[in-house]
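Both complexes shown next keep chain A, but they swap its partner, so chain B is in the first and chain C is in the second.
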Partner chain A sequence: MSTGFSNELWASRFILLDGIGTCIFVSFLAIVFGTIVGIVVGLPLTYGNFIFRFLARAYTDFIRGIPVLVLILTFYFVLSVLGLNLTAMQAGIASLSIFSSAHVAEMLRGGLQNVQKGQIEAAKAVGLSFFQTFLYVSLPQALRQILPTWINTAVETTKGSTLVSIIGVVEITLVMQQIIGRNFLSMEFYALAGLIYFIICFSIERFGKFIEKKVAIK
Partner chain B sequence: MDYSVNYDVIWRNLHNLFYGLGLGLYMALVSVALGSLIGLVLAFSLVSKRKLFRVLSGIYVAVIRNIPLMIIILFIYFGLPDVGLTFAEQPSFIFALTIYTGAYIAEVFRGGLLAIPKGVGEAGMAVGMSNFQINIFIKIPILIRSVMPALSNNYISLFKDTSVAAIVAVPELTFQTRKINTDTFRTIEAWSSASVLYVVACLLIAILLRRVERRVAIPK
Partner chain C sequence: MTNRVLEISNLHKSYGDHEVLKGVSTELDKGDVVSIIGASGSGKTTLLRCVNLLEDFQDGSINIDGTQVGYQESKGKRVKVSNKQVTKDRALTGMVFQSFNLFPHLSATENISLALRKVQKKSASDAKEIAQHWLERVGLPDRGHSFPGQLSGGQQQRVAIARAIAMNPKIMLFDEVTSALDPELINEVLDVIKSLAVEGMTMLIVTHEMRFAYEVSKKVIFMNEGVIAAQGTPDEIFKNPSNERLSTFLKNTRF
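Showing the complex of A and B:
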């Protein structure tokens, strides 16, 4: 039976810390992989010829139309039927990466296309190659522009990581459910979960604002 | 691997899937409507002259935006009964979704309010309208029309969020799909169908809402 919130909290401190670690681990990897895949998809989406652009567009639009939860469940169940046995953790990270990659691709395209035409023309005029123009002119401006949205996607991905509890990844949400299963203090421990997520996500947001200020053009 | 794809079970359960899809659309619609009311109140207090209002509504928005929807749902469905507030599955989910989206809509409305030219309010004052009348008859109509695109994006993302209702056993599309999956082990068929249904539904809503947006847009 329950022995009061503080006692229960103390008793479950280790699994709780484990859960927080797992949450951060999953979210971090999902954001990193998502960004990498997002760049790989975002470039053909911006510069590709008809076929590449069409494929990239189909990918981003399709993924963005599927709820994260469905993406997670699909990855977990369908891949195992296809003979690719991922652990819950791997499936969770993979599906969250795919989710964030579509958003990164879309925002990268927006950022790159928003670079003023005159800039590209100027780069051409001084004889920069396409690759040089991209690297030294378009990309730095695009990155600065997409930073707020990218931070937003990072927060969304972190929030989405709650959903991997459904396929059995023991992150904060599932840890809370285990703790509550033992002591029935639903309200207290779900409120605690909310607080922990708030602290994590709010920190990401603040950190993003800090970086934004650092890289802003003065 | 001996798995042969067979969509028969999907065709047989198509009515369930469509029912789930409709339920998701309905829950998102109710939430966006109620959430707009919350958002409206919050937006006015976010731009209010009173510091207390600004701080309180700012806290609400920051807190809710940084908590995952699933935690809010679990808190309302499993946590609130501890203090005697018990809701059935569907109302509790709509309640959670409304609280969640209210914070996002508040930000949208706040931006919209700040974008309304000052002269509009001053014109209202000049013809002798009270502050309340200016807000109700001038600012809110302009606001609703100008934020329509943001609001419809919000609706689409809310519709996708209704998939989370499956965890509290609301029989929407994800729940139905999971049921087919566990009942028949037609895993590939079930999840591919659900994905396609979600994508097509989102696409159709987006097209429909673009038309609505064009109708209500303020002519330039």
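Showing the complex of A and C:
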């Protein structure tokens, strides 16, 4: 490691940590909001009548067909034209949440519909209502099944958070660009960015595997 | 005071153009054990599923313990009752399925106590106690903590029986409960059912186990192409079959 790089790294330590913090903050909120909205959309997608199902289907198909970058730019620039002024941070979190919600909704539908018919009939036969069947029988089985894909979405959302740099949210990527602009050590600092993203995403994945094992059906 | 627990009259059920039940009528008094035999596709499972309201039916009525279930008359028309009422009506029956259908994410005790707590609103400790009682009753006193995946097929089916009967139903419905089991596990399940019969549980049993049907039943019903083709005591059905289709059927089955 050249002394130039270590000196530059030391000099940039605070903005770098800020950038990492912002990346984690944005990704975390996007995953949480995305999951909540995803469940709200996924239920009518699975159980709704024609109208609700159609609306939920339109939402998921539409969002999943749009690149995340376009979503981010739309939330930041287009909504302000319409009078809704979001800060770059808000627009970034909102667009990533919407992005992940469509994926969560779709995987929840898949998980719920994959619960065996016999399970639902057994629940009915012991007298559980529709809602109780959902809560105690279908959902616990569906959640276990979708956990790996959900973790995958969390990783994709985290990686997608790099794109909010384009509207000026100072996360890891933008911090790196600022540092490189000062010292021109592009190879070293982009490699560092890659390493940091890898560590964050790998940790999420390991955490997911840990939970998966914990809740596995014996 | 009548002892009639189940009364099925003129039951008709179709899937589209295909009529599966073509006017089935029968009744069970308290403590009766009735077996239904017949070839695959004769409508016996469908009949059981109608009693449990897992299937709609187009005509006829089912009364359990004096209550008409699933449908009611309104302004001279036959209308389906609300989902809430269906759930209530269903509580009158306990159903055991061919494929066990235990909840895989819950332990044996939790499988039994779930509905006790959520439907009958019993406290967690009461529900657990009842679950343990029935686990003992089906010969699995120390398997309460086991998950379905850790139990043999016969053990799973016994837990499923405990789960159904713990709800204290008026009548138990058994749908080919040994068909998915390895031969050496069949008897442990049949023994549990026999012991329930001895205790006076009212039961309607769809089965392919002819010897079991012969031994346990008060009445045996032979179904063929959606109708009851013959019915009578086990001796009448198995020893002196009067019906030609029944004779053919019995010749082709293991006793």
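Observations on the structure shown:
Operating definition for what follows: the second predicted complex is superposed on the first by the 215 of 218 C-alpha atoms of A that agree within 3 Å, B and C clash if a C-alpha of one lies under 4 Å from a C-alpha of the other, contacts with A are read in each partner's own complex, and residues count from 1 in each chain.
Criterion: a residue touches a chain if its C-beta (ideal position, glycine included) is under 8 Å from a C-beta of that chain, and two chains touch if they have at least 3 such contacts.
It should be emphasised that the depicted structure is a prediction, and the values quoted were computed from it without experimental measurement.
Of the two partner chains placed by the overlay, only chain C lies in contact with A:Leu128; chain B stays clear of it. Using the contact criterion defined above for the overlaid structures, shared-chain residue A:Gly168 touches neither chain B nor chain C, since it reaches no partner.
In the superposition on chain A, contact of A:Ile217 is made with chain C only, not with chain B. By the touch criterion defined above, A:Phe198 lies against chain B but remains apart from chain C after alignment on the C-alpha atoms of chain A.
Touch criterion met: A:Gly160 reaches chain B, while chain C stays clear of it.
After overlaying the two complexes on the shared chain, residue contacts for A:Gln141 are found with chain C alone; chain B is out of touch. Of the two partner chains, chain B is the only one that A:Leu73 touches; chain C does not reach it. In the superposition on chain A, A:Gly118 makes contact with chain C only, while chain B stays out of contact range. Once the two structures are superposed, chain B and chain C can be ranked by residues of chain A touched, with B on top.
Overlap of the chain B and chain C contact sets on chain A: empty, with no shared residue.
The touching residues of chain A, counted against chain C in their complex, run 116, 118-119, 121-130, 132, 136-137, 140-141, 144, 217-218. Against chain A, in their complex, chain B makes its touches with residues 1, 3, 62-63, 65-72, 74-75, 78-83, 160-164, 166-167, 174, 177-178, 181, 187-188, 191-192, 194-195, 198-200, 202-203.
Residues 52, 54, 83-84, 87-88, 90-91, 93-95, 97, 99, 101-105, 114-115, 118-119, 147, 149-150, 160, 163-164, 167 of chain C are the ones that touch chain A when the two sit in their complex.
Those residues of chain A lying in contact with chain B across their complex are 61-62, 64-71, 73-74, 77-78, 80-83, 155, 159-163, 165-166, 173, 176-177, 180, 185-188, 190-191, 193-194, 197-198, 201-202, 205.
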